[in-house]
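Naming follows writing order (A, B, C and D), and every chain is counted from residue 1.
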Amino acid sequence: MVRIGILGAGRIGQVHARAISETKGATLVAVSDVFEDAARALAHEYGCDVRTVDEIAEASDVDGVLICTPTDLHADQIEQCARAGKAVFCEKPIDLDIERVKACLSVVEEVGGSLMLGFNRRYDADFNALKGAINAGRIGDVEMVTITSRDPGPPPMDYISRSGGIFKDMTIHDFDVARWMLGEEVETVVAQASVLVDPEIGKAGDFDSINVILRTASGKQAVITNSRRATYGYDQRIEVHGSKGKAEAGNTHEARIEVATGTGFERPPLLDFFMTRYTQAYAAEIAAFVSCVETGAPPPTTGEDGLRALILAEAALTSATEGRAVKTSEFA
Amino acid sequence: MVRIGILGAGRIGQVHARAISETKGATLVAVSDVFEDAARALAHEYGCDVRTVDEIAEASDVDGVLICTPTDLHADQIEQCARAGKAVFCEKPIDLDIERVKACLSVVEEVGGSLMLGFNRRYDADFNALKGAINAGRIGDVEMVTITSRDPGPPPMDYISRSGGIFKDMTIHDFDVARWMLGEEVETVVAQASVLVDPEIGKAGDFDSINVILRTASGKQAVITNSRRATYGYDQRIEVHGSKGKAEAGNTHEARIEVATGTGFERPPLLDFFMTRYTQAYAAEIAAFVSCVETGAPPPTTGEDGLRALILAEAALTSATEGRAVKTSEFA
Amino acid sequence: MVRIGILGAGRIGQVHARAISETKGATLVAVSDVFEDAARALAHEYGCDVRTVDEIAEASDVDGVLICTPTDLHADQIEQCARAGKAVFCEKPIDLDIERVKACLSVVEEVGGSLMLGFNRRYDADFNALKGAINAGRIGDVEMVTITSRDPGPPPMDYISRSGGIFKDMTIHDFDVARWMLGEEVETVVAQASVLVDPEIGKAGDFDSINVILRTASGKQAVITNSRRATYGYDQRIEVHGSKGKAEAGNTHEARIEVATGTGFERPPLLDFFMTRYTQAYAAEIAAFVSCVETGAPPPTTGEDGLRALILAEAALTSATEGRAVKTSEFA
Amino acid sequence: MVRIGILGAGRIGQVHARAISETKGATLVAVSDVFEDAARALAHEYGCDVRTVDEIAEASDVDGVLICTPTDLHADQIEQCARAGKAVFCEKPIDLDIERVKACLSVVEEVGGSLMLGFNRRYDADFNALKGAINAGRIGDVEMVTITSRDPGPPPMDYISRSGGIFKDMTIHDFDVARWMLGEEVETVVAQASVLVDPEIGKAGDFDSINVILRTASGKQAVITNSRRATYGYDQRIEVHGSKGKAEAGNTHEARIEVATGTGFERPPLLDFFMTRYTQAYAAEIAAFVSCVETGAPPPTTGEDGLRALILAEAALTSATEGRAVKTSEFA
């Protein structure tokens, strides 16, 4: 039985707590939160202890820790838990600063720790079917990737201001997916960024509508399109083009029905909440973490993946701001 | 150059005249119509003569005749033209009465004539691609066929009253398609017929909503669904299920676009007029007729096909009326 | 907390046990099975008692009983549990004999019992979205329903021989769905039945390929197409046509991807197992039962629904065998 | 009757000659070609004269001239015909050199001539339906455009070497479509260009796989993805995202069928030839030209459109080569 502690009893902490409760071979031992009521509520629901971060990090009855706290706590808590010998799962990003991430990963490596990063899309069944088709050679060598990712609407302004900006907060998932699909590291990044959805976002120094082109050493390219607005739901698509064909993974509608009348043929909007869209992916992600803790296998999504995605975000922001093609080597 | 005469300058006569004008190796020589203005207008547009039916039938400069007159004239005109040595193309049905059709076909056979019947759907590119997939063995042996055919709206009541009823007027096309797809003659017919669209249709002794099951000697089955109402356009689908899979041919929308908003994903309605939906099929049908006249090849859709579809219509009507399974042998 | 006992620890019993364990407000108290090992295994997995049928029926710590035993035990066990004051959930069918079902329902009524029938498709989210669109008036008055239901392959011959035949075993689900979608009782049934998949099925006196037309008093019609073969997966579709449009609920593919190459655009086959296809529906069904036990509300799918579907099955079989339209009143 | 002369009897000249023959109110008077056999063959097919370029430019019986010669003759012939008072239709591009194009447009303006440019996609029915949906306000204000355009395979190397490069030869169509959909001029261009399909293309100094981001003054963006390879046919898609939703126009398959077997659900490849894909668009384009000649209305696609698309091509090439964001004002 893999024994789990959770740091942070907020929205994503609750999602993971539920996933733990439904994963065979895993049990939730303890939860911590600076808001004690939140911690108590979660502990009550799943029958576990409320403890402090230190208690969880040091506990002899905890094998793995899920870090679901605000971003600015991630790096310290990763280091603390890794030093205490715990397997660590951390929500993205590790930190908004590349150097801090590098330092954190060094600590993890030094102590021989295991760090899994929460890139939930890598655990989505459809995206994995897509990757499987590519790996099976059905489209030949990958040449071009197109990723469309649009949120139903912008987050609250106070979230925006703490988010690190659209590239580090939203596009970071697409950078990771692009790396996964390209199968080769990115060398050059160009980007354009606009404020089209809400002027307040621009006043906060951020963007809400971006396009990025990534390019690898061998010339493979990926395009990412992001918007903080999609009236029709949470738009999540990947298209991969190769020497022998193309493959794509599509969206998930609220229901699999179509109504035809004099005005046309209408299907329902897309699922419009990331937790609903990725329910299966979140569960599979936690199951993967539990399995890694149990077997000692390396995690499928690592701290290194987190670092590389963050570098792409920094490069994209630099490109959009400075109007030039940016090399990832500038941040390596 | 294949020289063509047309009997009947109405809607379908005009469609065929245009097709002739666009078919290489064919020329329109003459047209007749009891309404001389109609004949003159068509003759003017395509630069051909206005003549009487007798003149066209006897003309030495006419190789083939398209019969586009009202149904009650078909059989007589087929016989007249065939006896005069003309290749004949006739719109369905030959006649509403099975015995009259049989007599007509006997005359054609007796004089060694060539009669092609206007089952336009047999010339549709998508349906032929479907048939091609079946012939190529992609779905194995055909087991079950499902045909959906719904008109955008009912025809005028005076058309209904002269039409011979829904089975002989509308379903007759589906009976022909079912025979084509089944690849085996039908032995048994059961049907249900309702009036759901317009009570006036019921008062005229007809139906507007029907379902038919056809069954061959080896047990293959076809289902036909017809309605005189489809708010979303002209609904024309064929699905064929076989031992190794299924194949289907779908509908044609007004445009290949989709608009997604907060209420859903909407595609335009279907093309809602049979002449627009089957533009390509009508052209291919006339090209096939011209080719048969030129080469002497037997027509792809024959008088025999017309007779068999009519027998299925009669059997379906009998089944719906008498509440029993009807054998086609009762009408053979 | 609603306390549940399960009679029968076979495949469907296990599915329901898992559903109970994931339903808030429900707990599994006991299981019985003539095969003690099966009962013990299930009891071990979910931490409940192994008891006899009598013990469960009489238990003071059981509120509701799920009957998942072979069909020939259903009616007796329903009566026993209902008499003992338990809320009962029973898998379809109640019995293969109409008179036995009527007698059973009389007992339930007499003792004021509550009986829910396991028509799982009524709890499917897509079918409910379809029904919701109809109820919202989006397609106007329902006129015609088309239900396609094909199994990936035939069940074992010993299952076939005990099944009561395709109409009572397989089509019975579609009869129930047809009634649900039509919103009006069926008056007349015509059917055709063939053996196309496996001659052994014919030797056992059964069929594997059927079409049925149902007709209500007002002339609404439903067509059901069944086959015991579908190489491409579990084919489950409903199309409803009304005065203002049509609505349909489609299939579920293994994954939401498409691969395009020189040979075409390919999507994966359908889910090919009813438990995978209807995972959500089975869970919702059990949640509905638990809710009914808790609140005393009448079940969404009743013994009466089971009886009416069985009568349609008997009528369809009679029609296919005798070659005539059959009135449901013959079995009322 | 609008009287037309054609310069150039090659592939596209033949397409337009056929379109003229099928356009009411238009007649083909004469054709010229340096290869006299080609001119004679076309003249024979459509019953027109063979003349020299000078004879056509000066002819009193010619109202409009279609320029279908090689690119390096376009600008001179436009000037000659415009000076002679002929309405001119010219295939894209006017010239590969921006300054030469500007000079040519000055001449046309000076003599009060009318110049229509052959951007065939602007006449495609589906793309016009898309534009119509946008104009009708269905997706609100346009924010982001995504254009995917992939050729089935690269053209011959000698075509590549004379083409002016992928941006001026292939992407130029997409630049025009992007401007059309954005409804606002582009200010900034970034691009990446690779050789992934055929190293010979790289040796010729060209690219075969490119991505471009266009950005307008108000921050609207368009992404264009091009490849000289698409095994599955001619891939032509437009997606437009706005403040109230998104709209897209899709591909055209060889046939509207789907075959489902144990390996999946397969639709045929796309039409794989631009003339087949855009048959309707070419006909509509010529009809538009004829209509403009007849009514004196300004052409829907102008020399100015040709210039602006060429500037975008030059800017994209510069960006890809120099690794920087390029302003279109650099070429204005």
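To be clear about the criterion, contacts are C-beta pairs under 8 Å (C-beta built on N, C-alpha and C of every residue); 3 or more make two chains touch, one makes a residue touch a chain.
Computed from a prediction, not measured in an experiment: that's the story for all the values here.
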Q: Taking each chain's centre as the mean of its C-alpha atoms, give the chain farthest from chain D.
A: C
**Q.** B-C or C-D - the one linked by more C-beta pairs in contact
**A.** B-C
Q. Just curious, how far off is chain D from chain C if you go by their C-alpha centres, in Å?
A. 58
Q. Cα centroid separation between chain B and chain C, in whole Å?
A. 41
Q: Provide the list of chain C residues touching at least two other chains, using ranges where the numbers run on.
A: 231-232, 244-246, 260-262, 268
**Q.** Touching residues (chain side chain C, partner chain B) in the complex
**A.** 143-144, 146, 148, 150, 188, 190-192, 194-197, 209, 211, 213, 215, 219-221, 223, 225, 227, 229-232, 235, 241, 243-246, 319, 323-325
(Q) Quick check: in the complex, which residue numbers of chain C touch chain D? (A) 231-232, 253, 260-269
Q: Please give the residue numbers of chain C that touch chain A in the complex, ascending.
A: 22, 125-126, 129-130, 133, 138-139, 244-252, 254-262, 268
